[in-house]
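What follows are several structures.
You will see two complexes here that share chain A, one where it goes with chain B and one where it goes with chain C.
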Partner chain A sequence: MNQPLPDSIDAELPRPGGWAHLALLILAIENTVRHPLRLFVTLACLIAVVTPFTVGLAILQGVKHEALQALDAGPDLFITGYEQGRNISMPQAVARHVRTLHQAVRVQGRIVGRTNVGPHLITLVGLDPEGGEPVPSRGNVWLGFSMAQSLQVKEGDTLILEDMSQITLNVDKILQKNAGLAAARMGIVRLSDAQELFATPDRLSDLQIWVNDPLDRQGPAGNSEPGLPIAFQLRLTGIPLRIQTRKLASDYVNRGFGLKGGTFYALFLVAFALVIPALLVTSGFGLSVRRKEIALMKAIGFSVLDILEMAFFEVIYLSMMASTASFAFAWAWIRIFEGAGVAPFFIAGLELGPNIPVPAIFQPLPLFVSIGLSLVLLSTGVMSTTFQAATSDPTEDLR
Partner chain B sequence: MGREKEAKAHLAALGCLIVLVAGILAGEARRVVILQDTNPMRQIQGAVGGLGLGASASPTWAFNAFDPRLEPHCEAGIWPLAGGPCYSPDHVGPVSDFPQDIQVPVSKPDFAIDGDGSPETP
Partner chain C sequence: MTSPLLELMDLTRVYFPSTPDENRALDGVTASFEPGKLHVLWGPSGSGKTTLLSLLGALDHPTSGEIHHRGRCLGKMTEPQLSRYRRDGVGILFQTANLLPGVTVWANVSLPLVPDGYTNAQRRERAKACLGSVGLQDKLDRMPHQLSGGEAHRVALARALVRNPQILLVDEPTSQLDAANAHRVIEILLSLVESGRTVIVATHDRDVLNLAGAVIRLEGGRLIPDGALTPMEQETQPPPPEEVAN
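On to the complex of A and B.
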């Protein structure tokens, strides 16, 4: 009964101690390699689902990062006119009045509008030179990279904008390609140029007020309390105004991305669930040869626990392969191919012009989530069928 | 033995993939740090006072999806069919969708304003 086993079988038998686990791991990978078609289809199924999931999460994080930068650079109080439940423009005189208040560290009057240059929509930002930051000189425009590419203009060219009136601008500067999503199709002009274009003299679309020194600010929401006297003074102007604090804008970002992020997770969980039947078929269900393999293992001395451990190693190996490959594919898709074909699904307006670097951040969390989900999916397909085969009578399966 | 070698080669390939992904993660972490320190985006955002909170490159359909501070509600919700369905694709694909239920405080007119912008009590 204790005759030595033949060499070929001995090589595959688990050895005592830690080596047993390593041998089972090698054996598990051998099992997957033995059926190349099954290996390919299973990996392809997982990669097809996990890659867009990783791309989406990376873009979600990237856009949120840009939003937080915009929020960080933004004011403590954001004022617009108010009428009939909507934001409207407001008199520039309010900006002059606020500048006289000592609580205001910085005050910037701004026009944010949109107009067309031929078939191209441009986001036009008019900046007040008294706002404390450099602005284009009169008759000049700073143009976003994507917009300049669409219009096929370069620095020194002339650009004619037409809305309620017509203005001719000199393209003074083209913003860098990596200046961000919002800047891609933006044109920055002096406030007076924007007022002339939209025929709104002495009007602003919004007024930005900083009440905290940026270094003293407590987190992205900031402290709007110093703005209360200014809000009171604005109320005294008698103009219906909408006053938004940094905290409110921070809530927009957190809820805006949280809500969509949650929906995104939910949709992908459904997608993952739909893959389960495919994986059930490819990863073991219906493969009578697999039952025979397991029966043979039992016949040569493998315990049920050994077989389950081997199957678990198989699941880990496939999950790691699929998740890491998906992560690498997703990274290449965004960073090398600039999100071709996928980024416009997640970011509106990208289809309007040449590509800019897609805002995306690749963090470890999506990788761990995809590994976890792959483990669950594959376990559903592999572990249950393996357990059934391992606990059945091997003589029946081998017959 | 042939299969065992093949299995070990697959294991080595997995190791290479893990190293590659670790390299990507390290590079990305470094990129975020560099972006925070010296990036044109920060300069432009500083110049314009922060613009663009949403996953939108342009306010093609509505300013709300581009930056909800400019318009807290989606314009497409009241046009072309007031009270009807909102046709803006900004609510479908992009990874951000801003809440429409946030109440933005409005200062009501109690007083009049004179020509130079200073408050004038009635």
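On to the complex of A and C.
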């Protein structure tokens, strides 16, 4: 005699709780956790791709921000000599002339050049003491932190610089590590020392002019051009000069970073293109097991939409994990390892291990991009294989 | 006479058609299944039993022919309707347990309830009842790898029952079980029939065959007519007690 079934089995099913999406979300999380090796490999692949991209983007944003900030606090006009379409030095008399114009608040003459110290090529800036900035006294040099490290010198040491002539300078001061990106990699001397070194007496490589702004300028740099009256008067001198306003410089900065960013994105696009097949393999890691599980779900009543929704939740969950981890790794890469390996791509003259704080901005763009990238890469890997499995007859995969 | 629950009309399933590997797993099968009976699909390996079960469970599409469930043609159903049929119309017990690894027994049993959004408490309660019906109520929180083969099979049976289907499709329920577990599964199947459900079993276990309310005999994908003996039966076996076909 057969044992009768318990009444409970025949009892009517309770009314559904209406939490279908939540139930699918929980199942999706369980699915990812159930296959730890697949989870690990997929996350590792994603993090390996997204982290350097986030690092690059954060540095690009940071450097651009610093450059625009420097522009904002910087001069209204940049003047250089101009000949046959290229910048050349100009007479120091131009600076003296500008100082006589009542709109000019401050005029900084400079010589910027590159010279050798032994095997090292260094950027040297000679500042005119009349420009109002602190300047080393004659025969002294101030070195940026990174530059001093490269040259392996300390305060009190002597540097012999050789170009058109040879000069000997005393290392008077080494600038602090956080003095800014540009300052970290240059040497600052008095204008007369630079003129002697480069054999350019009474000449300047460029002139920076701050002007009196009658309109009490508001808003971000480059939105107004108060230096135009001086530019107009300089044109009247008849000296061939290249005059760039702050707005123009700002446009150059934006365009330059756009170009660098574009190159970086393009390089990464190639990397992504290569990674997508790899992700297809890793997300399909154990694909036969996954196909079997999907076939089982379909066989017991899951619809194609249920399965796709579950896979979508898996993608979201994994993306959040990957982008959070990538973001944390990117932060450590920049803040602890100073963007080693990536920073030199955006900051000219930087060594692979920069050894100076690299400017970086982590949000909002890098944050959203790391989430978005993870989503796109995973969707490509997961959704297509899931769709294939969900739309084929379960029998095929349950055999 | 009661109207049939499921009807097969000239059902054919050909794998790899028009290739050198073409295989006619089912060839023009016409049969019907009345409610409240234990139907046995009887035949040797490769006779088309599992293929027929797959088609009845809407896990596969026939190459030609039709299957009607309560008068509705499965071939004309949309994907959501087919999902609903698989969810509510039939329960399926595969030859292997096919439990999800890394998920508790109760979660496995209640998996078919997920798409309807039952709460965890409701799912667990229902899983408990179904596991009770197969004598495994104490295994609720175990993991599949902690179960014996027989227990895993009964858990899979509980999963097939969780939505209270009126039709249960069972593929070789005893082939991978020891005698005690096989006997237990057969008892449960008979209880289900007694409670008014229709159970369709593909098997070559003579013990199951002897309990059948109706038999569909297959060989080489074709239906063996009433009274006729297959060459294999003529050599080795007495005819089954009752044969119903067409």
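Here, the second predicted complex is superposed on the first by the 316 of 399 C-alpha atoms of A that agree within 3 Å, B and C clash if a C-alpha of one lies under 4 Å from a C-alpha of the other, contacts with A are read in each partner's own complex, and residues count from 1 in each chain.
In this text, a contact is a pair of C-beta atoms (placed from the backbone, for glycine too) under 8 Å apart; a residue touches a chain by one contact, two chains touch by 3 or more.
The structure presented is a predicted model; accordingly, all values stated were derived computationally and were not measured.
Residue contacts after overlaying the shared chain place A:Arg34 against chain B and chain C alike.
Look at A:Trp19: by the touch rule set out above, it reaches chain C but stays clear of chain B. Judged by the touch definition given at the top, the superposed model places A:Glu293 against chain C, while chain B stays out of reach. Which of chain B and chain C touches more residues of chain A is settled by the count: it is B. In the superposition on chain A, A:Ala67 makes contact with chain B only, not with chain C. Once chain A of one complex is fitted onto chain A of the other, the partner contacts of A:Glu162 are absent, as it touches neither chain B nor chain C. When the two complexes are overlaid on their common chain A, residue A:Val304 makes contact with chain C while staying clear of chain B. Once the two complexes are laid over each other on the shared chain, residue contacts for A:Thr395 go to chain C alone; chain B is not touched.
Residues 11, 26-27, 30, 33-34 of chain A contact both chain B in one complex and chain C in the other.
On the side of chain C, the complex with chain A involves touching residues 54, 57, 59-61, 79-80, 83-84, 86-88, 92, 94, 98, 100-103, 107, 111-120, 122, 125-126, 129-130, 132-133, 159, 161, 163-164, 187-188, 190-192, 194-195. Interface of chain B with chain A (complex): residues 1, 3-4, 6-8, 10-11, 13-14, 17-18, 20-21, 24-25, 28, 32, 35, 39-61, 63, 65-73, 89-90, 93-99, 102, 104-113, 115-121.
Considering their complex, residues 2-6, 8-14, 16-24, 26-27, 30, 33-35, 292-293, 296-306, 393-395, 398 of chain A touch chain C. Per the touch definition, chain A reaches chain B in the complex via residues 11, 25-27, 29-30, 32-34, 56, 59-60, 63-67, 69-75, 78, 80, 82, 85-87, 91-97, 100, 108, 110, 112, 114, 121, 123, 125, 127, 131, 133-135, 146, 175-176, 178-186, 188, 205-206, 208, 231, 233-244, 248-249, 251-253, 255-257, 259-261, 263-264, 317, 320-321, 324-325, 327-328, 331, 344-350, 352-353, 356, 361-364, 367.
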